[in-house]
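In the two complexes below, chain A is the common chain; its partner is chain B in one and chain C in the other.
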Partner chain A sequence: MTEHLVDLAVIGAGPAGLAAALAAAEAGVRVAVVDAGVRPGGQFWRSPAPGAGPFRPATLHHGWHWFTSTDDRLTELAGTGRVLRLAGHHVWSVQAAGDQWAVHCVLGAEPRQHGTSAPVTVHARRLVLATGAYDRQLPFPGWDLPGVITAGGAQALLKGNLVVAGQRVIVAGTGPFLLPVADGLARHGARVAAVIEANSPLGFARFPGAVLGATGKLGEATGYAGRLLRHRVAVHHRHVVLGALGTDRLTGVLVGRLDRNGRVRAGTERQIDCDVLAVGWGFTPQLELPLQLGCATHLDVDKSLVVTVDDDQATSVAGVWAAGEATGVGGADLATVEGRIAGLAAAASLGADAVADGRPLRRRRSSLRGFASAMHQVYPIPDIVLERCSDETLVCRCEEVDAGSIRRAVVDLGATEARTVKLLARPGMGWCQGRVCGFATACLTARHTGRAVAEPDLRAFADRSIATPVPLGRLAAPLADEQPDGDGG
Partner chain B sequence: MSRPREFEILFDGTPLSCRDGWTIGAALTAAGVRSWRTTRHGQRPRGLFCGIGICFDCLVTVNGQPSLRACLVPANPGDDVRTQKGPGR
Partner chain C sequence: MPDRPHRTGTTTSDLVVVGAGIVGAACAYYATRAGLSVTVVDSGPITGGTTGAGEGNILLSDKEPGPELDLALLSNRQWRSLADLPLDDTTFGRTVELETKGGLVVATGQAELDGLARLAAEQRELGVEALAVPGDRLPEFEPHLTDDVAGGYQYPQDMQVQPMLAAAHLLRLARRAGATVLTHEPVTGFLCDGERVTGVRTDRRDIPAGAVLNAAGTWAGEVAALAGVRVPVAPRRGYILVTEPLPPIIRHKVYLADYVADVASDSAALQTSTVVEGTGAGTVLIGASRERVGFDRTTSLPALRQLAAGAVRLFPILRDVAVLRAYRGFRPYCPDHLPVIGPDPRAPGLHHACGHEGAGIGLSLGTARLVTQSLIGEPPEIDLRPFRPDRFGPEVSR
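Showing the complex of A and B:
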């Protein structure tokens, strides 16, 4: 087993992690950046391998210059030994071990592929968790047909491989993130048949303060809208996908227009042909590691389970900070600001010199958070999608559990919260451990119980003792080494 | 020795062209293949869904090793990629 000893381990090399690592390293702290990705950047700045084709960052990326300059600086610092860059390291467990943290990793693009690589443990006095988020999904008829993918998946294929997901694509769901997905696909040769957005950006009119405070945020969206117009991509606001059509692969979708009350307006249902549907309903923060460590959480405005942090981005667990989507979905700009604050605070706790730009950073964070909160309110998940789930609609893709089984677990068997539903009907018990269906199952459970979705419902699908699938042989050794000091497992 | 920029992989015996740096999932998608697995209970076809290693819908057998996530595994020249049925082991 390979072991490293550093002052600070930053987990995640997306916007928040990179910002945290650089801030702490420049403050004089020895930092390890531990990331599952083969190349840095996280989901947001995912980039292709050199052989994948001609890569023009401007056609796919926002803030690319900040990313490359930060990344270059980290590489420089790696040359001096201040920074340790650990790419392709999947963290499966973090445990307290005395006054340090032990970060256990398995290696590789897909660690299951070669079950023989030596495991790596990073020992660190402080932790910054910048674990990011993935697309949030809702079940609807036909969503398991091949050709239905997540909006982030379409984006990952494009950013990471320069491959367009399909010939004729529909991008659907809700949120400003749908626009760059559609724009990227259109620029790289896909025909984007439509963007189906459940809400409308006109909703921002209700939040003038938030929009003015976050300079540039609305401009980004307007830029995408203009380019989509030039690519003749129709953006249909207040429309939803009612079903995916096809037998063994997607051939089209059924869409409908929502009326003022969020119901499908009679006579507006129509079919649009496509070979790929890229769909997303916001994001789910990746919380396995903060939950393993016992960090306090709460429900955010968008109903995501997020890590609770203080003004310094410190979590409820001493020695652990969190930044980026894990503390509330708000995009890359907010993540970098939070990351910097977390990195500086962690460095200060290790005795590094106090830093000058604390106040402006906090002001920027508060305006970006204000904008994020407005965004969540402008782009809520419409009730209609879950309301239209019939008993036959598949909810858990892994264990093939339908909405009827979840309903019966509540109505017939008396389950009152999601953890019991999970035990009775098995949603979230398969390969993905509820990463995909957890949010929907929690919401459906709450609906059938006649209450709003609550923190324990979501925690039922986010608590995992192993954060990433590990070849079985890996599990025994490190756990045995660390007892009995560790109480962080 | 440098790797070729383009090479072939086999999907259920059929050669597909692939660029260096693509994942198996990207190579299958670029070739128009949408599914390479069937589910345990309903025998339903599945392929890429999340694209980032979260959902495990894209499980595939590569060079005899089952249940690998196609969206993560980098393609290598001559890889023997096979459709996977049921739990894959």
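Showing the complex of A and C:
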């Protein structure tokens, strides 16, 4: 077993985690950056794998320069021993241990390898949780066909391995994130047949203040839109994918146009051929570790479960800060600002002289959060998507639970919240533990119960005492903070 | 919760059941079958407490001769007869994943094996089937079991059920027979006529009733206190590890002999004794830890570690199998480890069915039968005196 002792453990090496780590380290604090990824950057700045071929990440990555300079600076500080970089470390448990936190990790790229190398425990006096988010998925007829992937998955393929996801691609769902995905695919040789966007950016007209407060964000979106125009990619606003078509694999999609009430306008349904469908309905913050620690949470504007933080990014648990998508989905710019605030606050609590540029940072955070909130309101998930789920539509792929089983758990068996549905019908009980189907199960449960999605519905899938699968043999090994044969009582 | 107007219920139920876990569900079902009109009320969702965190044990093997074994034998017969009830083109048993797979208790040393032999001999006299299995024949029963065991006993009557499904379907059957189930509606007090309990008050309405049954599990002490009586049910925390789905490699419910001793233990400290079993869904369930820490919801890694170590010791093949999640439950236990069943002489009209500790799933049906017999004035099938609610004496410090 390997053990490390540091002042501050930052969990996550995406935009928020890197910003927090650098801010704290430069204030003189000894920091460990613990990340599941083999290379830093998180989902956002996913670096190309070594030997992946000629590629200029800067063309694909927004803020690449900030990322590389932050990364370089952290590497420099690692050389002095101030920073400890722990890549490929999957945190499965975070526990209070006296006046410290014990961060228990398993190593290996795949869960199957987690038993093979010695476990690692990081002991830290303070924690910054920057655990990020993953693709939010919704079931629809045919979504389990080979060829249907997530928008984030398409982006990851492109960024990580430089594989163009497919020949003829449709990007669908909602939100500004669809544009860079489509742009990246188009620039790397895919024929992007269409972008199917359920909402319209004209909705931003309702939020002039939020847009003016974050002009850079609008420019970013306009830039992508202009590039898509040059690639002759049609962006269909207020359209949705009604179903994926094909028998053994995807051959096309059925799309329709939405009317003012969110219904499919009669006569607008049509088929578009494609090999790959990349769908994105926003992101789900990754909250297993904050929930293990007992951090207070709430529902955000986009109906995501997020960690509640104060002006310093401090959570409800003393000694624990959170930043980035875990505190509300808002993109990399917001995440870096929040990360910096969290890192500085954690450093200050350790006695470091870290009060630099507090006010401008907070103003920037406020305008970026305002923009994120407007974005969530402009790009909601239309009701029609879940209404299209028939009883036969698969919801949980791991346990093969269809929408009908979820409906019956509510209507016939009397389940009133998602946890009960999970216990009775097994959605979210398989390998991915609800990462794919958790949000959908929560929405379907709420729909059949005749109410809006509530916090307990989403907690049912994120509240886990073991954050990532751990082999029994590994779990059985004594932990750093107990006697090997103690009774633990 | 926003203020809601208090409404006086327009209809009176024969019975209000407080608690929509397995015990409340079973009692509601048996009572409706006996012709009573029933309302079930729970502060949370159905099967939201200890039932939603259980393994689904229906065991005779771990019961020493005495009132609990009598109740377990009665319950075992009830489960067997309910299993064949036609339901949705199949049977109740299949729908709730009731498996008559039998238990296998193994001993690591000769002393423990001798202890098992003595227990089995006593149990047999009371109608429990217990077959001695010498160490060298254990692989025929469990091919992947460690060879570091002295021998064991097979208990063919031991069963397993998916407890949440069982509770939900019992409630559904009760609803079909006219019962009303009210969820997310905490009981805030009792309606009384002098000494007599005449119904419950919730945060939404008054529900008058001929009788009230306290089936609130680990929270039954608080419900009893609302009626001014003491029932000392306290939480005993337990964890269960759940593995990834596997092909069937474990055939029985397999546990080490020390489980029996731990179940009956009075210690507050963490105890784990290894219990391993497969489920219909392919996952393997690993128990059982017990510790008295109140309603502490933080994760205890020492408990998880000991469970994992025990499972790997018993079934070395599980070493590389991944744990996907851990359930945490709060078992309702009483100081003498016996449940509380029957009418409360201190508060006429109030009945109890609670405090089953880790055996509530298995004991639920027998309990429901006894409660119903008592409600309709039939002599109970087994003596209720060991389970009586007023056996604990006056309040000690809590």
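As a convention for this text, the second predicted complex is superposed on the first by the 474 of 489 C-alpha atoms of A that agree within 3 Å, B and C clash if a C-alpha of one lies under 4 Å from a C-alpha of the other, contacts with A are read in each partner's own complex, and residues count from 1 in each chain.
To be clear about the criterion, a residue touches a chain if its C-beta (ideal position, glycine included) is under 8 Å from a C-beta of that chain, and two chains touch if they have at least 3 such contacts.
Model, not experiment: these values are computed from the prediction.
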{"item": "First, second, both or neither for A:Ile149, with chain B first and chain C second", "value": "first"}
{"item": "Chain B versus chain C as contact partner of A:Ala87, first or second or both or neither", "value": "neither"}
{"item": "Touching partner for A:Leu361 - first (chain B), second (chain C), both, neither", "value": "neither"}
{"item": "Partner chain in contact with A:Leu424 - chain B first, chain C second, else both or neither", "value": "second"}
{"item": "Partner chain in contact with A:Tyr134 - chain B first, chain C second, else both or neither", "value": "first"}
{"item": "Set intersection of chain A contacts, chain C complex versus chain B complex", "value": "112, 430-431"}
{"item": "Sites on chain C touched by chain A in the complex", "value": "45-48, 52, 164-165, 168-169, 171-172, 175, 181, 183-184, 239, 241, 243-245, 268-271, 281, 283, 286, 291, 297-306, 308-309, 311-312, 318-326, 328"}
{"item": "Touching residues on chain A, where the partner in the complex is chain C", "value": "93, 95-96, 104, 111-112, 114-115, 292, 294, 399, 409, 412-417, 419-420, 423-424, 426, 429-431, 433, 464-466, 469-473, 475-479, 482, 486-489"}
{"item": "Complex contacts: residues of chain A adjacent to chain B", "value": "36, 38, 43, 48-53, 109-110, 112-113, 134-135, 144, 146-150, 152-157, 160-161, 163, 165, 248-250, 275, 397-398, 400, 430-432, 435-436"}
{"item": "Sites on chain B touched by chain A in the complex", "value": "3, 5, 19-23, 25-26, 29-30, 34-35, 39-42, 44-57, 59, 62, 65, 67-69, 71-74"}
